[in-house]
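Labels A, B and C are assigned to the chains in the order they are written; within every chain, residues are numbered from 1.
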Amino acid sequence: MANEKELALLKEFAPQIEHTNLIQAVWMFFLAAVVGLGFYALYVQIAEGHEVTGMRDNVVWGIYIVNFIFFMGVSYAGALISGTLHLFRAEWRKPINRIAEYITIIALLIGPCYILLCIGRLDRLQYLVLYGRIQSPITWDVIAISTDLFGCFIFLYLAVLRDIAAIRDFQAIRIPKWKRKLYTWLALGYTGTTEQRERLHRATDVMAAMVIAIAVIVYSVLAWIFSVTLQPGWHSTIFGPYFVIAAVFSGCGVMIVVMWLFRKLYHLEKYITRKHFVNVGVLMLILAALFGYFTFSDYLTKWYGSERNDELLISLLFDEYYWLFILSNYVGVLLPMVVVGIKRLRTINNITISAVIVVLALWVNRYLIVVPTLESPYLPIQDSRPEWLFYSSTWVEWALTAAGIAFFALAFTIASKFIPIINVSEMADSSTLEDEEILT
Amino acid sequence: MKEESDNNHKKSSRRNFLKKSLVAGAGVVATGGLVEAYLDTRAAETGDKVKVLTTDGKIVEVDKAHIKYPRVSREESREGIPGKKFVMVIDLARCKNARACVEKCQEGHYLPKSQEFMKVYLLQDNDYTAPYWFPKPCYHCDNPLCVSVCPVGATYKRSDGIVLIDTDRCIGCKFCITGCPYSTRVFAWRHYEEYDEDTQPYSPEASSPGVEGTVSKCDFCPDLIRVGKLPYCVSSCPMGVIYFGDLDEDVVTNGTETYQFSKLIRDRAGFRYLEVLGTRPSVYYLPPVERQFPVDRGFDGLDEEVKKRYESTPYAKKQRR
Amino acid sequence: MKKFLFANLLWLISTLLLISPSLSAQEETEAEEVEPVDTYISFIATYTSNDTVVLTANLYIRNGRVRVDLENAPISFTVSEGTEQIEAGETFTDSTGIAQVMIATSSLLRNEEGMVTYMADFAGTDKYLSTSEMFVSKPAKLEVSFYEEDSVKYIRVKGYQFTSNGEAEPISDETILMFVPSLFRPMPIGDVWLEEDGSGSMEFPMTLIGDSLGDITVIARIDEHDSFGYVKGESNCEWAVPKHLLSQDKPTRELWTPVAPLWMMITLLILLAGVWGHYVYAVVELVKIKRSAKKENIQEKDWSNYS
């Protein structure tokens, strides 16, 4: 059965699983209300047509697609981080890899909803399967995302199996009977025999590798949706790797923010320490450099070669979108480098603030990839209707965006009430709880 | 009848009795849209019933006289008219933005004013070259990116070269809109009342009636071609700007003038727009040389709304200064 | 009259704006109120090369400046030399308002100048007033033939006109328009000048495209002539460039065709097989974990081994 260490740790996390305090309840109610507002916006959009959005014939994809790219990116980042750290057996990952796995699954559930919001005829969604064409990148995406979803669920399940078994064996925990039954059923009778351990370990290794590979493929496919078209800002060979890097970068940011929130919410200061912030921060720094490099190469070649439409796009970016461009491609790149790069600035709060800005900058970066390109097509837009010339998102779109973020937080909170936010079993594997390698 | 009307070979001398006789020019005969609205002009029901397939798959019998142009089924519309390869030539030297093509097209396809299958741009390649009016239908490319990216095969290229959209299949993902480098496709952002005017069963060949939440575009009017008529934009143009024909036959016509396509393109240095993109359009342009109208004539008689569209063009800005 | 036009215009506008979607209901009520309408016919007679004359009448009404064709209306045709009349048949107008009959030139009545008078009559209905139209012309004929001289191919056109007693005389000093048929409109290929003997020729344009065997029809035409009206002669030759059907070159495995390129299918299958194979492996491991747990429970093994 579960070992001593596991039980000792579980005792500490039991309150989170056993009951919800008032602050948590208010927090969850607030999130649910925001999600509800999103549903109302969705109702308005379905009832009155897509005209209620800011999208029009030129900018046919707006912040829904931006959110889609963003959440998918966050998801892949979670997979890449937890997969890579698992394969490299990085000991310090143990307190935070559950967070990475949750990010992966929850973001992956939200992301595709946004592409559905862009679809004019949701009643015909089954056509994607019935009449699917292999040549369309959307078909690639449908296949890739469903494959990814399966893979991530298997990976997450493998990762939580030992913890579920531990909770099942933790007699002292006060949970309803149905919940205990559910744990028993989900634990698959895992008791930690040598054979079971080895099998679980092998399966986790295989899935960790798979999740990394899939994440790269899936995010490249997503990038190809844009880069296979002839649109001046999108038709770029660099887009696949660029999107993958941007995804992991944004995922690191989200990871740090989530770590900070749960550290405060569940008082995990003992487990999630400065070391984790610095380590993920260093990862973020490296990715910031790579992201900056990709961004620079993309825009440099566009600007230097200056085909007419590239030139138009760049002048639009440096005119209408000047401050957003500076925020996403200068501040977002340089700030984490400075904060994490200079030892004196490496505090938990500083790293978290820079992570918030990175997340924001990367959202804006996607916006700048999607919207200005559609606003500067080959044939100049000649229209008297302002909404046809420039995209401006409406309350419906913002409400649904907020709903997505709220759902992310809500699902995270609920998930943390089901299985501890810290991987108990892996922590217990370490020689001591205060293992230097893990916590300091 | 139409064959009798080649105005470019018309004789100047006539006798009085001939003056009254029929010269059926393309512009004279009332248009389909009107006939449809004017059902009471039938002297009698024909009594002939035809079976037509409605959008919801039912077969209904309709009096032949009620059908504007026969519409083929969705399955048939995927095949294309056998042994044809359609091509369009647009003479930029003649266009003066009269917008008859735009309006007649909207009428024929039951489009709201906010949707244009044919758009007229005011282009100027750079500050020193001359501005010109640029009518732009769908190019019905031979390497159509819009078709390539469609996830459900709702848009397809037929053997006759026409790229059509089956709006009963379309899921409205709008990928084709971003895939088209010529901003040709339009989206139905809501249900437009104009769609309800079309009482005939839906057919991809007519692009009509429109469907909310789906993509539509210029279709080269295959329903008209099937009965030997020219597309709305071709027959309605008062300047004869637009020629249409079969590439296999090597003949294009604007309704009054008929030319050998290869000779016309050779003699007038025809070109395709943005050839560099490799989409291989089926629409050719004749360069705006020896123009019949100064470009300013294109601003005459425009609605304020339409006039406003061109305000931000470099040419219009220069004029104002 | 004005009242009618106004009523109709109103109705037209309202229909266009779709105030009432039901066309047929409105049709009935409006039809009772309006007075009969003036109708018009445009009418021509065309002589063809196989000794017939085609009478074509287009029946229409005027709605402001717009012509609206009348469909399914009976039109009766007659031929006369001035006083005596013979019936030439009755047909109904089609959807474009056109009614046509074809009669043999041998049966025509001519006056002393050889002119024939053709009449098209619409008897009228409750809604539409009657109308008729006349067309006078002299029977004529154009013959098209082909010949080769010094390896150059020529089209020859011969023109005849018929006197009051039916004798053929050459048409001289006339320009004949030459066409080849095409999908929408006949394409002009040049013209031929008829000499004193009533014949003329032009070189055959070698770039013309015929059918798949190179067959092509060449048409010679006189349009709106002072005395002959409309005359048309046609004949076939096989000198044209055989038509190559581009539609048959349509590829089957392209990005835009219904079936995907082979490499794409193979790549996708390899990728999917690779990934899902590993998934299956992981799931099988999970199943084995569950199985081993059951086995352990049955055998009641030593618990101290577990960590």
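The definition used in the following text is that a contact is a pair of C-beta atoms (placed from the backbone, for glycine too) under 8 Å apart; a residue touches a chain by one contact, two chains touch by 3 or more.
This one's a predicted model, so the numbers in the text were calculated from it and none came from an experiment.
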Of A-B and B-C, whichever chain pair has more C-beta contact pairs: B-C
Middle chain, criterion being Cα centroid separation: B
Averaged-CA centre spacing for the pair chain C and chain A, given as whole angstrom: 60
Chain A and chain B, separation of their C-alpha mean positions in angstrom: 46
Centre-of-Cα separation between chain C and chain B, whole angstrom: 17
Junction residues of chain A - those touching two or more other chains: 133, 135
Shared-contact residues (touching 2 or more other chains) in chain C: 255-256, 258
Multi-partner residues of chain B (at least 2 other chains): 145, 148, 153
Parts of chain A lying in touch with chain C, wherever the complex brings them together: 1, 3, 133-135, 140, 143, 147, 150-151, 154, 157-158, 161, 188-196, 199-200, 202-203, 206-207, 209-210, 213-214, 217
Interface residues, chain C side, partner chain A - complex: 255-256, 258, 260-261, 264-265, 268, 271-272, 275-276, 278-279, 281-283, 285-286, 288-290, 292-294, 296-297, 303, 305-307
Chain A - residues contacting chain B, complex: 48-51, 55-58, 60-61, 115, 118-121, 124-125, 127-128, 130-133, 135-139, 142, 225-226, 228-231, 234, 374, 377-385
Residues of chain C defined as touching chain B within the complex: 12, 15-16, 18, 21, 23-24, 27, 30-31, 42-44, 46, 56-58, 60-61, 63, 66-74, 93, 95-98, 125, 127-128, 133-136, 177, 179, 182-188, 191, 207-209, 223-226, 229-230, 243-248, 250, 254-258
For the chain B and chain A complex, residues of the former touching the latter: 114, 119, 121-123, 136, 145, 148-154, 169-175, 177-179, 181-183, 185-191, 211-215, 274, 277, 279, 305-306, 308-313
